[in-house]
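Next come two complexes built around chain A: one with chain B, the other with chain C.
On to the complex of A and B.
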């Protein structure tokens, strides 16, 4: 309870400091829309030159893409500060203040930033899903809805856990931003149906960096009923729990290695 | 005259060296990422009306794979600068003041640092990576048959194009960095710049896939010279005349953008708000 209160206090402070940079926030919001539009345009240009991608029609691929934005957006709202930790803050010795406070460092990093840009992505994702779904004819079941919701929410937990683990490595290597970037970039590949990848990539995207588990499999379940939705829900939740526990463990182990810079 | 920038050139080179372990991890994982992209393109060609032998917008699947591999290496080697972030930090921490009173140009400092970084990256990673990629792609038949004098001409032009790309990238990063004087924060500007460059430089997909009007417009912008054109020069998809035309366009843009950056800086520096020291 104390932490909930503390979280909101910190977030309020972070929002106030964000408003200091109103123009930058507006630009960030715009560039977010723009970046997603560019990726969508790229996909659209590619799909225009072929009849269907591995059997998936344009609206189906669009639905995939829209759904993939939801867990990414949710993660983006809450854990953006870890990018800074990975790229700069450890390297610059800028984490000292967190170690002086009687609250876990990892909590403080979460509470450092709330990124409203995530809402833009969320809205865009839902809009894309709505547009594409209107030209699809699928039988919507309760299970399919459930697995999509679980996939979005617990998928975000998994992404955040990956982010935390990678950012934690900065305590050892000083700068783990590039590593985080590339792990995170794998989320791009879950924007397309898993069917386009050979078996070992599919396996990797389900078991190792499980973007496919919470993006592709739920969408396949909705479109083609390929999996038992309730079993898939369970798998996603267990996976999220394991990833989160691991991430916290890695963070705690790594933060002991933090050394401040002299200046 | 240029001597006073030498320490910055050295600093850029050493800074890049210091994080070579990081860069190594980056390189290893990039391979996974490229593999995924290759599979995406293979699926695209498999799904195309003409099957695997189809040529989509002038690219066979072999050329497309070579393009993906070479663009990835190119971007990795060429775009390794922190210009925008460093300007942002200088503004936020107030260290910009230190540079304004020194007898060196702020722009020159970044150009020298980036050039140092480019040299290190090219020697340390560029040479082995390009060699490995070209030999592998060549043996797999993914590149056109090489005739040696022609290849060396293209290689020379490619190196020049790489230098232009690095300069263009640094100038654009600098311009966006100077814009931080107005926004006081670089986060949004940086993501805007990255998106713009990735999309318009042909990194996401070759500009040939764009609809005709957009493609024509983009081909006159500086961005194609930052990724697509150098790689197509290396792949010998452009003949010598076309390659030289690309280089001329890039050179013209560098001059234009540098002038613009200079103008912008003189205006922006009046706005400088140092937020504590």
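On to the complex of A and C.
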């Protein structure tokens, strides 16, 4: 309970920081919206020239793309500070302040920034889903809805966990940004149906970096009823729990290797 | 109470070549050199004491402070802060210590100062009554009320440092670690900061560990100093006995006629050292061996002094002398 209260206090602080630079916030919101719009347009033009992608129609691929934006957007809202940790803050010895406070360092990093830009992606994703869903004719079941919600929320937890683990390596290597970038880029694969990939990438996207598990499989379940939705829900939740526990463990182990900088 | 026992910190650094080709070779080399930043030091600081922790740049002062406040994990040895190891139970210790690094601010850069304090109030769980009392106290001794509503990035260096000090004292820590709190400050701000540290120490009995290069800080504040060099403790004890270690040294600065030179001037005794600086003569002697009166007479009679200034040896000179002796000994060994 204390931490919930503390989180909101810190977030309020982060919002005040953002609002100090009004124009910057507006530009960031707009540019995120715009860059996503551009990639959507690119996707649209590509699909215009090919009738279908591995058997998926245009609205289906659009639905995929829209859904894939949700967990990424949620992750973006809450854990953007880890990018800075990975690229800059450990290297610059800028983490000292967190080590001096009677609160877990990882909590402080989460509470350091709240990124309202994530709302731009969230709105765009939902809009795309709504537009594409209107031209799809599928029987919507309760299970399919559940698996989509679970996929979005717990998918965000999995993305965040990967991010935390990679950022934690900065405590050892001083800078782990590029590594984090590579892992994060795999989420681009998950914006399309798994069926278009060769078997080994498919396996990797389900078992190793499970973007496929919480994006492709839920959408396939909605469109074609490929999996048992409740079993899939369970699998995603367990996966998220394991990833998160591992991430926190890796972070706390690496944290003690922090060396700061001279003076 | 702080108990430090056989504390060491070793940093492992790859041996680097220089230039691009050297850096590329470094990538594939597995050679490391060990840097002993802190080498088996032990000391104890009782409650309510103000300790000056001094030494040249790179002597290991900041490294020790960082270990004591839980940022760095020691390579070996132990630290107990009120019986608790800061690197094992960081959060527990953090609640009872305050830390200021003169070189880095711990305040949020782009929000008004008062907002930073509000967040810290929540982080340290300070009650409303305590918060009000503390803010009144700090507002008075550090004079920060005027700029509470300004964003930190718009504060001057002196204001920022006072704000940082206030932030570190907000939760009434039992121990305060100050790493160069007066660096880059003007005389007035330095004075204000010293007064604040005194006031805090008197009012709440706070223990203070202070590193500084300003010997006036030390003379004003510290009853005890710990002198560190190359990771080892050279001296640990009261300020007065360090000063007397070289005897009751006094210096006389004389304005003399142009024809009196240090090399050619008559000598009183081998105990009185003569040197020249900016056209003035400097006499350096131990007042316990040669009477001051005798030296003054000599200065007026033999050196035809027109004006003179008498000064006691400063703590800065003492430290300088000790460090120079160390360097010389070190050079001899090599």
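The working rule: the second predicted complex is superposed on the first by the 262 of 263 C-alpha atoms of A that agree within 3 Å, B and C clash if a C-alpha of one lies under 4 Å from a C-alpha of the other, contacts with A are read in each partner's own complex, and residues count from 1 in each chain.
We take it that contacts are C-beta pairs under 8 Å (C-beta built on N, C-alpha and C of every residue); 3 or more make two chains touch, one makes a residue touch a chain.
This is a predicted model, so every value here is computed, not measured.
> A:149 in the overlay: touching chain B, chain C, both, or neither? Say first, second, both or neither.
After superposition on chain A, A:149 lies in contact with neither partner.
> Tell me the contact category for A:102 with respect to chain B and chain C: first, second, both or neither.
second
> Is A:234 touching the first partner chain B, the second partner chain C, both, or neither of them?
neither
> Mind working out whether A:185 is in touch with chain B, chain C, both or neither, as first, second, both or neither?
A:185 sits against chain B, while chain C stays out of touch.
> With both complexes overlaid on chain A, does A:20 touch chain B (first), chain C (second), both or neither?
After superposing on A, A:20 lies in contact with both chain B and chain C.
> Using the superposition on chain A described above, determine whether A:31 touches chain B (first), chain C (second), both, or neither.
first
> After superposition on the shared chain, which partner residues are touched by A:5: those of chain B (first), chain C (second), both, or neither?
In the superposed model, A:5 contacts chain C only, not chain B.
> Under the stated touch criterion, which partner chain does A:46 make contact with: chain B (first), chain C (second), both, or neither?
It touches chain B, and chain C stays clear.
> Check whether A:260 is in contact with chain B, with chain C, with both or with neither, and answer first, second, both or neither.
In the superposition, A:260 touches chain C alone.
> Going by the contact definition given at the top, which residues of chain A touch chain B in one complex and chain C in the other?
The overlap between the chain B and chain C interfaces on chain A comprises residues 20-21.
> Sort out for me which residues of chain B touch chain A in the complex.
The contact residues of chain B facing chain A are 19, 21-23, 25-26, 29-30, 32-33, 35-36, 39-40, 42-44, 46-49, 56-57, 85, 182-189, 191-192, 194-196, 198-199, 204-205, 209-211.
> Which residues of chain A touch chain B in the complex?
So the residues of chain A touching chain B come out as 20-21, 23-32, 34-35, 38-39, 41-42, 45-46, 49-55, 88, 173-176, 178-179, 182-183, 185-186, 189, 192, 195-198, 201.
> Which part of chain A faces chain C closely enough to touch in the complex?
2, 5-6, 9-10, 13, 16-17, 20-21, 93-94, 96-97, 99-104, 256-260, 262-263
> Using the touch definition up top, name the residues of chain C that touch chain A in the complex.
Those in contact with chain A are residues 11, 58, 62, 66, 69-73, 87, 90-92, 94-95, 97, 99, 101, 103-104, 106, 108-112, 115-116, 118-119, 122-125, 151, 179-180.
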